[in-house]
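Both complexes below contain subunit A, partnered by subunit B and then by subunit C.
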Partner chain A sequence: MSEYMTIDGIPVEINGEKNVLELIRKVGIELPTFCYHSELSIYGACRMCMVENERGGLEAACSTPPRAGMNIRTNTERLRRYRKTILELLLANHCRDCTTCENNGSCKLQSLARRFHIDGVRFPDGERIKHAKDESSLSITCDASKCILCGDCVRMCNEIQNVGAIDFAHRGSKMLISTAFGVPMAESPCVGCGQCAAVCPTGAIVVKNNIAEVWKALDDPTVKTTVQIAPAVRVAVGKELGIGDGENALGKIIAALRRMGFDEVYDTSTGADLTVLEETEEFLHRIENGEKLPLITSCCPAWINYCEKKHPDLLKNVSTCRSPMQMLASLLREQSKLSSRRMYHVAVMPCTAKKFEAARDEFKNDGMPNVDAVLTTQELIRMIRESGIVFNELEPEAVDMPFGSVSGAGIIFGVTGGVTEAVLRRVVSDKSRTGLLSLARMGQRGSSGVKEFTVPYGDRELKIAVVSGLANAESVLKRVNNGEHFDLIEVMACPGGCVAGGGQPFVPVERRAKRSEGLYTADRVSSIRRSEENPLMFSLYNGILKGRVHELLHVDYCKGGEN
Partner chain B sequence: MHKMNANFDYAEVERILSAHAYDPHAIISILQEIQEIYRYLPRGVFPYIADKLRVSEARIYSVATFYENFSLEPKGRYVIKVCDGTACHVRGSIPILERLRSELGLSEEKKTTDDLNFTLETVSCLGACGLAPVLTVNDVVHPAMTPDKASQLIKQIKEEIAND
Partner chain C sequence: MIKNRQELSEYRASAVRAFTAEPKKILVCAGTGCVAGGSIQIYERLKQLMAERNIPVDVELADEPHEGAVGMKMSGCHGFCEMGPLLRIDPMGWLYTRVKLEDCEEIVEKSIVGDEPIERLAYTIDGKVYAMQDEIPFYHRQKRVVLEHCGRIDANSIREYIAIGGYSAFEKALFDMTPDEIVNEVTESALRGRGGGGFPTGRKWSQVKRQKEPQKYIVCNGDEGDPGAFMDRSIMEGDPHRMLEGMMIAGVACGASEGYIYVRAEYPLAVERLRRAIAQAEELGLLGDNILGTDFSFRIHINRGAGAFVCGEGSALTASIEGKRGFPRVKPPRTVEHGLFDKPTVLNNVETFANVPQIINKGAAWYRSMGTAGSPGTKAFALTGNIRNTGLIEVPMGTSLREIVFDIGGGIRGDNEFKAVQIGGPSGACLTREHLDLPLDFDTLTKVGAMIGSGGLVVMDSHTCMVEVARFFMNFTQNESCGKCVPCREGTKRMLEILQRIVDGQGEEGDIELLLELADTISSTALCGLGKSAPSPVVSTITNFRDEYEAHIKDKRCPAGTCSKLKRIVIDPALCKGCTRCSRVCPVGAISGKAKEPHNIDLTKCIRCGSCISSCAFHAIKED
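And then the complex of A and B:
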């Protein structure tokens, strides 16, 4: 027998929903919330999701389980009044310089104030504590004066990422989100994943903005500007720029970047193809010698930071492959030595931690970084808007040669399980179409945070784990430390992989699958599906990379730790 | 990240942690016991407890700053708490507080003397309203205080310190 409850007079079937809020949203009512994210624990602090029950009582929908026969209203005179009051109280203690805020236009507080038509704040400004912005991190910028203490960032940092860089500190009117002892973010355990900025409803934690320096380089005629676009970027600009979310907009992005003035445009998937070849070779070498297993992937810079800070003993297991961004960048840098013009290289990434990776000493040549600036997808969108380019009217274009060809394997790097699948395509001996299809169903796909499966290899089975979210990584690493055997572990810090990176326009967890699907579609329609079949690889290994593979494509993070 | 202090003796902290079976739910009790030893919470213990309890240092800092009773600053040998609850307040706790501040050269911001002999704090209620106005010195209750009696008390303590 199905159980029903009534929402605004409509009978609704209860189907295992955790709370009334989920059920309300399922019937198409956008109940306002600040502190609710389905993947985080229930906090119940903001009180915006209050509903009225049949007895006139008020209940917070986020923390009330649905009961059969329950009868609630979500939009009454009283509730509207309460919601407005909550918003006014939040605004009374909040910096209201919306026009100059980094998050102007994508702020939940701003949009709910508009939605509930807040036409004035009745409460006096009072004494607002002056907070200095924390700009120490290369990945995020924190401004406590814009914080509404919803705690989303704290729960993200602790529960999903197991980083624990921030928490509430002090209490009452002095309460704020802080690192331990208020040390600058750059000195905290923060790994730069940017997931706190992704869930922050206001401009209190935002992605570090590097737009100005990129414009400057674009305007400098003595500089050659080159840019690479990461796989996950192409499927995340859609909603903001007037086409569907999850739609592959690579062609339009390339066109937009050329119009903005970039001399050469490349696809990071090319770098990913190199990563596949290098990482597979490393993997097979370690398997044959039975050493340093599991091999743990190294593409994700937030994961590298995490491993360095929390598991330095496991750094030897991390692949020595540079990330796809760095592989492509070092090739471009090498190539540019032939040219008289200085090259300024920009990487458009879904990721805030890439900003940190780009600044690492390991990826510098004579003190100059191979990647001069990393722009997140959010910043790219802003630059396109600033340029006045009408994105959805752009004619798609293709990337430049000589680094212009990519395989589908390189494209799926942007989704959790993608690196593993790309490597497996190279590892397994069955190179038929059916082989590809059955490989897709091994267990690496899907949005689950921990995926484990085995793949036959010769006379043995390879045990593989694919994890996203650093707390999930932690649970698998704990098993490794307890002696459990794995051959390969793919770690992506952001839940769901790069498609849900901290630098992407935010979508709630329920809508992320579209982006992953967008990348799998791009892979499916590629004429080249395996990295080793990318004709560019052959010419690279016989040209620029000859005798210099280690120097240009690998890195020793262990050494960095000792210095 | 704030590193652990190599010169700090963690044996006492370790004893307290193990007595609580390294239970992260016991953060408050653990901090209380640590504070009992050092009269405040030395910064160096934070990364140590965080590591042993497997919670973040930021979380422990959160607990330590939430409760008024925890101090992150070193406290004096003699901790004087002047009650400023309603009963004590109406019976004149403020003049007592002011006298103590001027005698000790302290203020609302500066709570501990440079020689680390005295710490002067206010508390909201000691639950001894019948004895108002009241203050405590290292948890010993002094009832029905006046500014003059407070001055006398300080003089006495200073003599004790001198004779030590």
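And then the complex of A and C:
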């Protein structure tokens, strides 16, 4: 028999929800919270989600399990008063330079202050925290004076990412989020995944902003500006720019980038196709020789950082393939040597760790990086807005030749399981349409953090694990270290893969599926579904890459950046 | 190593023989206060003097009766710390106060070699000399149950503890009672948690007992953090085995094999005594595997807390033992289900555990015969403030404030009037003259918006500013807030700022209302009990002494005359000779007047530096 509770007079069926908050949101009431994320542990510190029971008692909805017969109200005079006071208290200790804040417009504190109509702060002379910004990291910028200590970043970094770069330090009103011993973020175990910035409700942790240098290059007539767009970017701009959430906006993005002044626009999926071919080759080679298995994917820069910092012994298992961004950049750089104008290459990525990857010594030529600047999707959106371009009215355009052709396999790199599926399309012998359909159901798709399955290959079965979220990766790596056999492990640092990257506009975990669907749709409507069928590949391997595959497309992370 | 019950009773019999064979015992108080006063040196000096006179001495209880040897013991705290260093001579029951090194010779001569008390070392009040400890008014009105051994036995000796009946309750629980019977006895006794909450101990134990999880924990909260409270410290220092015995009985009752004591690192002596007590119990086989030949195994570990007040909160305490940051967590789940290391956990405080052995030995009915129906038993209080006798006391629950303050405490020090008592530390509230005849127990205090808390009683007289009292406690809470939840972290900070400006004379119209509004938000929405009760001292002082707040805010005047920034300097025109000296020393030109005529002070200019007061030869200038 179903059990019911009553929320604001409405009977609601209890259906296994972990807490009253979930149930409240299910009935369409947006109860305010700062410290609740369904994927993180319950923290219960912001006290905004207090609800009143029939006896007048108050309970925090986030940490109260629903009970049959429970009768709560979410919006009483008392609750409104407390919520306003709590917001006022937060604002009293908060830098209120909203108009000049990096997070202006996407700040939860700002929007709740507006929603609850906080029309003044009654503690004008009160002491306010002030801390210096930490701008040492190439991926994120931290400003503790904007921190409301909800601890979302701490739990994300520890629970989901197993990185533990940050935690609380000190006590009471002196408490702050800090690296161990307060070292600069760049010297901490931070891997740059940016998930802390994704969940930060204020401007305390934000994505590093590289917009100014890109504008400068665009305004410089002596340089040729080229740009590549990662797969996951196209499905993440929609909501912010006035089109549907998860809608593929690649054509409009290309048009926008051209209007902003980029000379050439490319799709990182081209690089992904190269990655598929190279990585498959490497995978099959290792399988034939039974060496360095499992092969662990190398596209995700935050994962590479994590592996270097926490599992240097496993670096030998990591694919030597450069990431799709670096493969394409390396080709573009090679191509640009023919031109007299210096090329300034920008990569638009869903990812904050790519900013770090771009600066790695491995990807420099004569001290100059192949990718001059990495812009996250958030920065792209800001530049489009700054340009005054009315995005939803743009006519879609196509990428430039000669690197204009991509396969669907390259596009699905943006979602967890995508790399694996793309490689499998190349590996399995059944190249029919039905073969593709059955491949889609092997187990690599879906938002689960750890997906394990086997794929028949010749007379054996390939054991594959697809993981996203570094804590999930850690659990699988532990098994590898304990001697369990895997043939292939795909690791994406961000839970759900690049669609939920740290540089994307944030959506709660419940709404991420739309972006993944957007990429699978783009794949489905592609005329080329397998990387090896991309005609561009043939010309590349017979042209620019001839005899230089290793030099241009591979990297050895084991050397620790010495080369 | 005692292997079975039989051996334990043999051990006890021999300990009793040795204990009773001592013709005299010198008990030098080795509680923290008296140690600081030099009691260890006194002990050593006495030992030396005894040796010089060839008087046989037992510094440890002998294995076999050592005829004629005087027992020389370092005891736990007697509670009358103000009069320390204290020294008791048994079996006469004399108590010597404020003993100095140079008194030792006379003590040996007169009281040990001879048989007479030394009057000048006895407690004297209102001209009356009290040689016998039990007759001193401070002790006479008390009922010492939990503290019965403190000051009476060697705090470092398990043998002495066993000699006076120690571990017999554990023995009874282990051999003669089922776990259900133990839990029932404790439930029947209606013992309530002495840490402040007053939760029924028996109910807590039965909730843990019925958990299916095989691994359970017994945790003792010795993180006594209230300013001025030292009840638990005295038990841990003075009678550590009693508390261990309580934990062991809880272990038998709930089926736990591991116990943890979380004790403040600021209590080094308590840690040392507990360590020694655990080692002694292990050595005798009372702790360890297969205790006394049964299948019951129990070990006790000590965890030292680093001094965070919040770690006295249950979930923060268990987090701290686990090595995590001392943060309280949201409940449910509760500690009895998911406590230490996520296992079912009995978490009681020191005094609660120390009550258990007697309940098992003498029964629930005996326990309920003390105290009130809702709050049976006794309660230890730390009595401090403007009172004649400060110290550690124990009285039956339900004793009135009047008895404590005026009979045991001897009334207000000096000529001032009683004003209020702050009870329950930073989570508590103040009780005023109208509450003097209120019986002190859990429920009565809750009804008047106060709480027993851990048992701190700060007595305040008419010269105590109640706004300053509120500010003091708010400052403490704000410093000790863990910082996790917004209302406590941010709210107490703003409350403190408002209180600070009121005592600084910068208070504004509306401040009282703002304080009450913040207090309501914090007490309704804070995450843990400490946060919820943080505004209590403010609310209760506003409720009882609103006029004092208003005087500070509206008249810029401190009625108690203690807020330095609100002090007024006045010139008595009757005494002022008009010598002009004050107007010349005033650094801000606030004093004016014609020569040979009384001068005036412009209070708007005065910075209250006091230069004029010291310069006046006629004592005409005073602080109001």
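Basically, the second predicted complex is superposed on the first by the 557 of 563 C-alpha atoms of A that agree within 3 Å, B and C clash if a C-alpha of one lies under 4 Å from a C-alpha of the other, contacts with A are read in each partner's own complex, and residues count from 1 in each chain.
By definition in this document, contacts are C-beta pairs under 8 Å (C-beta built on N, C-alpha and C of every residue); 3 or more make two chains touch, one makes a residue touch a chain.
None of these values were measured; they are calculated from a predicted model.
When the shared chain is aligned, subunit C comes close enough to touch A:Ala45, but subunit B does not.
Within the superposed three-chain model, A:Tyr541 lies out of touch with both subunit B and subunit C [touch as defined at top].
In the superposition on chain A, A:Ala180 contacts subunit B only, with no contact to subunit C.
Greater residue coverage of subunit A by touch, when subunit B is weighed against subunit C, goes to C. Of the two partner chains placed by the overlay, only subunit C lies in contact with A:Thr85; subunit B stays clear of it. In the superposed model, A:Lys309 lies in contact with subunit B only, and not with subunit C. In the superposition on chain A, A:His170 contacts both subunit B and subunit C.
By the document's definition of touching, of the two partners only subunit B reaches A:Asn158; subunit C does not.
Residues 167-168, 170-171 of subunit A touch subunit B in one complex and subunit C in the other.
Taken together, the subunit C residues at the contact with subunit A in this complex read 308, 310, 325, 327, 329-332, 478-487, 489-494, 497, 514, 517-518, 521, 524-527. Those residues of subunit A whose C-beta lies close enough to touch subunit C in the complex are 42-47, 50, 58, 60, 62-65, 78, 81-82, 85-86, 89-90, 92-93, 122-123, 125-127, 148-149, 151, 167-168, 170-175. Within the complex formed with subunit A, the residues of subunit B that make contact are 1-2, 43, 46, 50, 55-62, 65-66, 72.
Of all the residues in subunit A, the ones that touch subunit B in their complex are 158, 163-171, 178-181, 183, 187-189, 309.
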